[in-house]
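Note that the chains take the letters A, B, C and D in the order they are written out, and that residue 1 is the start of every chain.
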Amino acid sequence: MKRIYLDNSATTKVSPEVLDAMLPFFTENYGNPSSLHTMGQEANVAVQAAREQVAKAIGADAGEIIFTSCGTEADNLALVGTAYANRKKGDHIITSSVEHPAILRTCEYLEKEGFKVTYLPVDNYGMVSPASVEAAITPQTTLISVMAVNNEIGTIQPIKEIGNIAKDHKIYFHTDAVQGVGKIPLNVKNDNIDMLSLAGHKIHAPKGVGALYVKKGTRIQALIHGGGQERNMKSGTENVPGIVGLGKACEVGIRDFDKNVAHMTKLRNKLMEGILKIDHVHLNGHPTIRSPNNVNASFNFIEGESLVLFLDMAGIEASTGSACSSKNLKASHVLLACGMNPEEAHGSLRFTNSELNTGEEIDYVLETLPGIVDRLRAMSPLYKK
Amino acid sequence: MKRIYLDNSATTKVSPEVLDAMLPFFTENYGNPSSLHTMGQEANVAVQAAREQVAKAIGADAGEIIFTSCGTEADNLALVGTAYANRKKGDHIITSSVEHPAILRTCEYLEKEGFKVTYLPVDNYGMVSPASVEAAITPQTTLISVMAVNNEIGTIQPIKEIGNIAKDHKIYFHTDAVQGVGKIPLNVKNDNIDMLSLAGHKIHAPKGVGALYVKKGTRIQALIHGGGQERNMKSGTENVPGIVGLGKACEVGIRDFDKNVAHMTKLRNKLMEGILKIDHVHLNGHPTIRSPNNVNASFNFIEGESLVLFLDMAGIEASTGSACSSKNLKASHVLLACGMNPEEAHGSLRFTNSELNTGEEIDYVLETLPGIVDRLRAMSPLYKK
Amino acid sequence: MMYSPKVMQHFSNPQNVGEIPDADGVGEVGNPVCGDLMTIYIKVKDNKLSDIKFKTFGCAAAIATSSIITTMAKGMTLEDAVKISRNDVAKELGGLPPQKMHCSNLAADALKLAIENYRRKLQGLPPRTGVTEGEEEHAEDGASCPPEEHK
Amino acid sequence: MMYSPKVMQHFSNPQNVGEIPDADGVGEVGNPVCGDLMTIYIKVKDNKLSDIKFKTFGCAAAIATSSIITTMAKGMTLEDAVKISRNDVAKELGGLPPQKMHCSNLAADALKLAIENYRRKLQGLPPRTGVTEGEEEHAEDGASCPPEEHK
């Protein structure tokens, strides 16, 4: 069966261009970048070139990029690293209630360690208001962390406005842009961003590599100690093929940005319009200020995991924020923060496309989905026609 | 020019078997192991299979393996994770003065955070005495961390004896076995090991993946917080291809263990004997209780970086513990801990082979090295014939 | 796949879906806030379950356990049916992931409640409900399973 | 490569290696504990450096800076030679990695000392030494370069 992959916010296929760039570093130029010999220095040069590519994609300088093992590590380094390094200045952090667990769990850890965290509410579209950020600032605030694009509902946050507020108050501003790179324009200088997290596997680079941009002069300390790689901020032998892949993906992502965004937007709109024709369905997230690749909708009376698995049996790969698919059985914190009731939150379904998807694939989804929804509703005690 | 890679303790070539196992996970089975759909579940199955392979290589259970991004992260997680989780019980850690920076810098970080660390001395061969471990134990000791095989001089530590002492005193025992896997027999049950670090790129798996074995029941907390992957101990989307590669390398490493060790030992002995025929040279590390792949020798009157670079120009890739090749200009802490004077420590040269090296390569090194040593000595103000 | 083939079989092709308008007993359990709600309808004849149907709002495990318990219970005496335990259900399905074990509880509870309500009816008592409201943590032990969060 | 082509060229093929047994001035600087020791020998004729040789124990940068400074200084007047600065040396080599800048200091210092000792000799004074002992930190700024440790 042909499979239709529409879960690109979970992870993406490594693109052939990226894989080609990586391959020599497994079996030919496999040196350790810290080694003095030719093989080592070649690896070192490749890592530096990738650093330039990543920096360029977000308007940073190469010396401001720290390679990490994933988006989560970048988020942890940003939060824990600046919280501790600036503890003398203050102990208060501002974030939003719709962040990824990589931010929320880390903030909870910091709370256990004595820091204070404000979790800003969002509107029904999952959007943080810049005014609420400003209102939450105290003399103890050292860091504001608000994501660029929400991973569940695709809402784009007003990061430039938040960056300006942070700058005015001389507070560090971090944005988790794991879902933003390649989807929205990002420029750390224009947007007044002090730290920015990204992850390779969301942009057709491999899993196992991410990066944190840290503006020159930012006070931050390491999470992982050792041989001093990555300017002492992430010790451990560099994941050279992964880093090369991330560099390439950034280069390609910028090169093809307009084309990709136009394509993704077209597919998204088509899917969104088609889905919203189904009864008792409503869109989650902002209707227009949303990621070009994200459609998230709630299907009343049915539960997301069942929906995802029925779609999977039909060859369509999507995801859900349903509690039934998670360990703690709580419905998606993002949908709840948007003011949705738990029953509806359980029935959420997320499709996230990429430049690799096609219009025919969307047609097939729109043909297949209504029947599945009907079948599940027929089984549901909540559904009375 | 044909290049002879003899820096396998720095990093290794990914073996074709390993790369083949990994490749499908970049562009075909690229799902996120947390995803419910087929692609995700296939990735999940692959990660679990790799967990079994890694566990088997060290006599552990699959549920006791936590995948990390490198050896350094495994070391940090072991030390920081147990230090904090057991802080109520005590605040004292015992380690050795010849550990890798991944351990030493992490211990220094813990000292800054209020923990107490004993750095045990070593004998002239770089060996820790089990009696010194026992003597250092206090009622506050919660963790002993001693490496399995030293990365610079190859000395094999008496970890089984140390494990027994730790067990008798009900103290956790961690061993950094990054240089031990595939070189010496390791069995966490027999050796009374509670935690063991390993890294893929030292055993022909790729860079960007490592693992920490944590015995069931060990109190440990996470370093990196987020989505709860790896039983909450290393959040972040799993590096699926890397993990698959590490699993495969462990399987192959155990399958070919005897053959590889015999081959490496033969090459090592040949190289060691040849090098020791050069004047004013002496072996570093233990003459017999050493890694089958390691030759480390000091060449009086000359400096290691020059030696490495001249060898590199002749196509031979090796490494040195010379201060001149490092940021802080201090000679190798390992050689100094062995009681060597700094001048001699600056002249150290390390060759580390693997099963991929050949006897002809060693012949070439032995033909080439003496001329280079002579040339450098002729330039040296320390050398008077 | 996180689910056994038997779970997937019952999930993709569930048996005895529906309502019994003139049911002798109805057992409704679950908590929509937690994303699960299950109703089991029974018909009783000669102290045996002559018919049984279900409706379920919930995950694949919830649907599969509902389906399998109806096939297990159909034709059983009330005494035997009431003894079907969570483990019986899980075993019959070839196992369930740890965090999904509570779904098998749900199915067993719904059947028990349907039988209890049948008996209460005979005694002229009003039916009981097994539906709870509000947040609760009812996961058994998810420690060894990777949680699924939106990535 | 961490080193410029010019550094590698002077390192792999150093100029003016050796001693001058009847040197007019000798400058010896460095610290073997830090892994570097450098001796520069000069012959002076008509206030010019008619010959110059070096011996160096140290890294590639130390050897290359020794070599280049001898080629730069040969034929210079003492006044000009004594002015050769660390930056001149580094520039001539097409740059040095930050943690290696102190090596270029070393070469400039050795030449200055050789000239100073030549002048002291003319005045009947004993030569000075630039060799230090014991541990010291003399790295300039290694912050932006990856440190090399045994892996």
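Methods note: a contact is a pair of C-beta atoms (placed from the backbone, for glycine too) under 8 Å apart; a residue touches a chain by one contact, two chains touch by 3 or more.
Composition by chain, UniProt nomenclature: C, D = Iron sulfur cluster assembly protein.
Please read these numbers as outputs of a predicted model, since none were measured by experiment.
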Q. Which chains, if any, touch subunit B and subunit D both?
A. A
**Q.** Pair of chains joined by more contacts [C-beta pairs], B-C or A-C
**A.** A-C
Q | Distance between chain centroids, defined by C-alpha means - subunit A, subunit C (Å) | A | 37
Q. Could you state the distance in Å from the CA-based centre of subunit A to that of subunit B?
A. 33
Q | Intercentroid distance (Cα basis), subunit D paired with subunit A, Å | A | 53
Q. What are the residues of subunit B that contact at least two other chains?
A. 10-11, 32, 34-36, 38, 100-101, 227-228, 237, 305, 309, 319, 325, 327
Q. In subunit C, which residues are in touch with two or more of the other chains?
A. 147-149, 151
Q: Counting only chain pairs that touch, give me the topology of the graph as line, ring, star, complete or other.
A: other
Q. Of all possible chain pairs, which ones touch?
A. A-B, A-C, A-D, B-C, B-D
(Q) List the residues on subunit D that touch subunit B in their complex, please. (A) 8, 11-12, 14, 17, 28, 32-39, 55-63, 99, 102, 135, 137-139, 142, 145, 147-151
Q. Across the complex, what residues on subunit A touch subunit D?
A. 32-36, 38, 41, 44-45, 63, 227-229, 231, 237
Q) Touching subunit B in the complex: which residues of subunit C? A) 1-2, 143-144, 146-149, 151
Q. For the complex, which residues does subunit B have touching subunit A?
A. 3, 5, 7, 10-14, 16, 19, 26-27, 30-32, 34-40, 68-73, 75-76, 100-103, 105-106, 108-109, 199, 201, 206-210, 222-228, 235-242, 305, 308-309, 311-312, 317-320, 325, 327
Q. Any idea which subunit A residues touch subunit C in the complex?
A. 9-11, 100-101, 151-152, 202, 301-306, 309-310, 313, 319, 321-332, 334, 342-343, 346, 350, 378-382
